[in-house]
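Okay, got some structures for you below.
Each of the two complexes below includes chain A, the first together with chain B, the second together with chain C.
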Partner chain A sequence: MKRFVKSKEMGILLIIIVISIIISIGNSTFLRPDNIIDMLKGNTVLGIMAMGMLLVIITGGIDVSVGAMVAAVTVLVGKFMVNFSGNVLLAFIVGCLCGTIMGAINGIFIAKLKIPPIVVTLGTMSIINGLMLYYTNGTWINDIPESFINFGKLTLFKIPNGQGGMIGVPIQILFLVIAALVTWVILKYTLIGRGIYAMGGNPVSAARIGYNLDKISIFLYSYMGFVTGLAAVVHTSIMRQVDPNAFTGFELQVVAAVVLGGANILGGAGTVLGTLLGVLLLAIMNNGLILMHIPVFWQKIVVGAVIIIAVSIDVIQRKHAEKNLTKVDIE
Partner chain B sequence: MQKFSKEWILVGVFVVLFILMAVLSPSRFLSLDNLQSMAFQLPELGIISLAMMVVIVTGGINLSITSSAALCGIMTAFVLSKLNASGASIFITILAAILVAILTSQICGAINGLVVAYIGVSPILVTLGTMTLFEGISLNFTKGGAISGFPEQYYWFGNGTILAIPVPMIIFVVVIIATLILLERTPWGMSVYMVGCNPTATMFSGINIKKVLMKVYLYSAFLGSIAAIIMTSRYNSAKVDYGSSYLLQSVAAAVLGGTDIAGGYGKVMGTVIAVAVLQVLSSGLNILGLNRYIVDIIMGAILIVVLAINFLNSKGFKFKIKKAA
Partner chain C sequence: MDKDLFIKLSNVSKTFPGVKALDNIQLEVKKGEVHALIGENGAGKSTLIKILAGIYKPDEGATIIIDGKEYQSLTPILSLRQGIVVIYQDFSLFPNLSVAENIAISLDIEQDNKFLNWKKLREVASKALNQLGVDIDLDIPLGKLSIAKQQLVAIARALVYDAKMIIMDEPTSALSKGEVELLFKIIRSLQQRGISILFVSHKLEELFEVSSRFTVLRDGKYMGTYNIDEIDSDKLISLMVGRKVEYTRYGADKIGETILEVRNLCKKGNFKDISFELHKGEIVAITGLVGAGRTEVAQALCGINVPDSGEIILEGKQVKINSPEEAVKHGIAFVPESRQTEGLIVRQSLEDNITLPIMKQLVGRLSVINFSKKREVAQQWIKALNIKPPYPNMLVQQFSGGNQQRIVIAKWLATNPKVLIIDEPTNGIDVGAKREIHLLIRELASKGMGIIMISSELPEVLAISDTVLVMRRGRITGRFDGNNVTQEEIMNKAILNEKAPVTA
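Moving on, here comes the complex of A and B:
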């Protein structure tokens, strides 16, 4: 408990609570269950993708191709459903498979050719985006099969909506929970999870202990692709149509969420809980600013300022903590 | 193994591409029109790429460069249209506009520099934040629309020619020379490379790395403002998303030009040639009638292939060192 109070996650939680209080004073609808559920549903895609990005960032890498990947998978899945089958399970399999393959390509380039992740993913971003837009010409896919649309409307269970009625918790949130749990298990209980932290902390030492860094890289970029594929199918189930241009610039939002969640962009640190809180913080800010009737133009200013302030506070705290450590240098 | 430096490989690529395009479509690619239009288009990406490269050399990245440039453009446009409407003299109007652009860029650069250098946050995060911040401020000014109504004379910066050479190209050449001298001929430039190689060692050798970094971000933003002036003049208006597509392209150009993304290495000429390669490629493919999405695909592929070649090349180099030892 004491450890949690002092942890980074606590800091983010505090910011979230303060912002929530401010927003709910401004507009009481903010804390209503239906608003919260809408907000969560709208950010499941961001949350699921942040789980993959978390692993990538822990190793000190970055993947800027996720925006292009998720858009490409929505297009592929959409076309697949329109042309072949409206089977929901098949849609998920196709989506995750396509995502994994794209991620694996990134991973292989990064691991085998030792090109920096930001450059490889910049290249694949351009390639995937180009291929997708060439294929679709930017047109939307609207005729998603009924079976899949019905799946998107499913709810898990009902909770009171605070006004006497009941509101269902949408099924999409389940996928975020699953992605978070799987990621947590990978990081906490598997050898490869240890390897991810080790690689982020110090790749040379990690290699000397015997971790196969190439394998870890390929695994984690494939996993990034996998969750991106999952997110793409979930997105389609929410939107019930496919817009090839829906994800322009999305990669930076995913990175922002992970980083706000306390992951160190230089690698070595980051937790699933923190990332979830980071996603929540972004979600609350975007939702709250609308509810507070703050003009749309101000939203970016606030989000940008919060990112800068949050990461600055984090660094200042870390420096402060380092000062209090007794340092023993052995060379 | 490493007989050629990265820059010379790139020059080779440029020459081959140029000849290839010229052979494939001699009447149109080599026409004065096309050459001139390439010379008009190239400087914007070129200047922004140099702005990006200076930061990458220090081991950072400036994701806010295009949004700070857009903000400069919008402030410039704001001053231009207001003063133009109020009937102030042309000279003062344009001078004020340029000063405002530079001033805005220095404020943007100072914010980046302060947080990166003095607080010590990693550049990618800071500039991610400031990118959103500057975009927000720009949106607040324009409310999403475009600002126009500039004096006619301002048009010259982006569209005029001197002896058939486009003015933007001349500005670009001046920027190249200035950057070349600053980075490769001054003590500050030397320290920029040193910070990129090893900040701790640089600090212990008595260099104030905070000041060096601060100046890097100020210079980067300054170049952004020059690109902004050319852009606003060329489009005769200013809008939030002008130039936003240059962001990742400029990283690609810098890296393609041999700049080490981890910092410490990067030549001005490498970046310039890389920009020229990208320009020849996109103009050439356009003339050949290729879909612009396919051009994107080819750009991405080239980025990866060139880096793969660089990697294989340097691997051979390392191997040689081992044998010598």
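Moving on, here comes the complex of A and C:
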């Protein structure tokens, strides 16, 4: 408990509380259960993808192809459902498989050819975008099967909506919870998860004690692809249609959420709880600014400024520590 | 084989392209013995450690006998399985992981477990720390610990590997006096449990405190193994430094007025009370062991490492140098140790490299570069420093080490400096070319420049310097006239603690 009070997560939580208070003073609907549920539902996709990005960023890497990847999977799953089957389980299997394959391709290039992650993923981003434009011509897929649309309307349980009625908690949130739990178990209890931290902290030593860094890289970029595929299907269940251009620039939001959540962009540090809080912070800033009728461009400026401030604090702390490092022990 | 021996190496040589790093070395370490391995920088200690760790394969004909079993060479895994654990100077730990993981996670990796049992991991880690008799919080990130405690964590990890011999590479270099005492206590307790320690260090007084035998290397050659009762520090030093390579001495013909004076320069954690004078035409050598603070002093004079206090007086005027740009303006040029990464842009041409610092003088109206003037300047320096082959367009990486060094020197001479600081001028250059670089430096001095040369190579220091400053642990511990000093005298100041002279 003492540790939590001093942790980065606590700092983010404080910021969230302060911002929430400010917004709810400006607009009382902000804290109403129906608004909160809408806000969460609208950010499950971001949250699920942030879980994959967390692993990538802990190793000091980055994946900018996730926006293109998630769009591509929505198109592939949409076409699959329209042409073959409206089976929900099949849709998830196809989505996750497509995502995993795309992620694995990133991972193989990064691990085996030692090309910097930003270069590989910029390349795959452009290739995927190009292929999708060729395939869809930018047209939407509207005729999603009824069975899948009904699945998307399911709710887990009902809670009071604060105005005397009841409101259901949408099923999509369950997927975020599952993704967060699985990621937490990977990071905390598996050897490969600890290897991800080790690789981010000191790659040379990680290799020296017997970690196979190539294997770790391929695993984590594949996992990034896997959760991206999952997020794509969840997204389709929310929107009930497919817009091939819905995710332009989305990769930056995913990276932003993870960085806001206290993960170190230089590698080595980051937690599932922090990332969830980062997603929440981003969601609140977006939602709150809309409720307060602040123009959209301010959202972007504020989010950008917060990210730069967060990363600057990390870098300044590290530089300060380096400066005070004793090079020679003077007698 | 003797039953008390843990490891016996004989006929171990290691050849790298162009260099014989180790020549017919032998080494015996008994069970439960603290054995000191000593030698100057570049004597071959690190190469030998890497052979023991299985990272390098020795040349044909070597025998390594561990616990009675004979090998020609080791691999990292084989070496670890035999209980040989190296604690490198950087410890190879993870600052972001908990103490428990740093100590014990290697076991899980070795057993190829998929999941981590935190309870067991913490048990293993706490058992290892208990064996050392130290109390460290298992759950805090390693990076929050002091260097001394991180070292204890590294030793605890070695115990988890079931170490039979722990090799410690300069283990006391970043420790305070009290921390060294604790380390020695732990070393003695490991010794009692039958674990051998190979202690690699320069610090003779410390070695005499813990070691029972000494093996000395010099220039990759075996100089013998001695019991503590048959050797003293003077003899050790003479074994370490008596190099065969000797250069004819070229001292200054005449030394002019003072050009640079440094008074009481201090920087926390870098150096303390540095004072000296540099005259026109003079070569001042700063020598000592790696890590003594020499480079830090040089960097302070050229604005890379700004000192906390003290005065720098240049041609009678006190100056503040807060950036390399200001240093260049004041006429101080710095040729760094690593040509390839700090001194040159190796993928650009000779001409581009030489003219880089003086680009501003080569631009005409509208800030457009005057290419014919640029070529002219390059040609002039190629001729002046006799750079071979004399092709301005050739990429720097295609030149030999000696010529690359000339190019770096040319680059800084083009700025027309009053003071030239050169860090390890002949590092990685073959013997013939070394001589030429020495003569070049002497010639530059004789034209009126003041030169500060940082060097670990004592024959080089003796060959051209007029004043020799010896540094040890951040201070100047010896000042000598270059005409009248021996390698032994220098080495004494570089490695011995003045306050507590050691006699065996």
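In this section, the second predicted complex is superposed on the first by the 309 of 331 C-alpha atoms of A that agree within 3 Å, B and C clash if a C-alpha of one lies under 4 Å from a C-alpha of the other, contacts with A are read in each partner's own complex, and residues count from 1 in each chain.
Definition applied: contacts are C-beta pairs under 8 Å (C-beta built on N, C-alpha and C of every residue); 3 or more make two chains touch, one makes a residue touch a chain.
None of the values given here were measured: they were computed from a predicted structure.
Of the two partner chains, chain B is the only one touched by A:Asn129; chain C is not.
In the superposed model, A:Gly210 lies in contact with chain C only, and not with chain B.
Shared-chain residue A:Leu113: touches chain B; no touch with chain C. When both complexes are overlaid on chain A, the residue A:Tyr197 reaches chain C alone and has no touch with chain B. Contact with neither chain B nor chain C is seen for A:Pro160 once the two complexes are overlaid on the shared chain. Partner contacting the larger number of chain A residues, of chain B and chain C: B. When the two structures are aligned on the shared chain, A:Gly304 is found in touch with chain B, with no touch to chain C.
Note for the complex: chain A touches chain C at residues 188-194, 197-198, 200-202, 204-206, 208-211, 268-269, 324-331. In the complex of the two chains, the chain C residues touching chain A come out as 76, 92-97, 101, 105-106, 108-110, 113-116, 118, 173-176, 268-272, 291-293, 296, 473-475, 497.
Within the complex formed with chain A, the chain B residues making contact are 61, 63, 115, 119-122, 124-126, 128-137, 139-140, 143-144, 248, 251-252, 255, 261-262, 291, 293-301, 303-304, 307-308, 311. Residues of chain A touching chain B in their complex: 62, 64, 109, 113-116, 118-120, 122-131, 133-134, 252, 255-256, 259, 265-266, 295-305, 307-308, 311-312, 314-316, 319.
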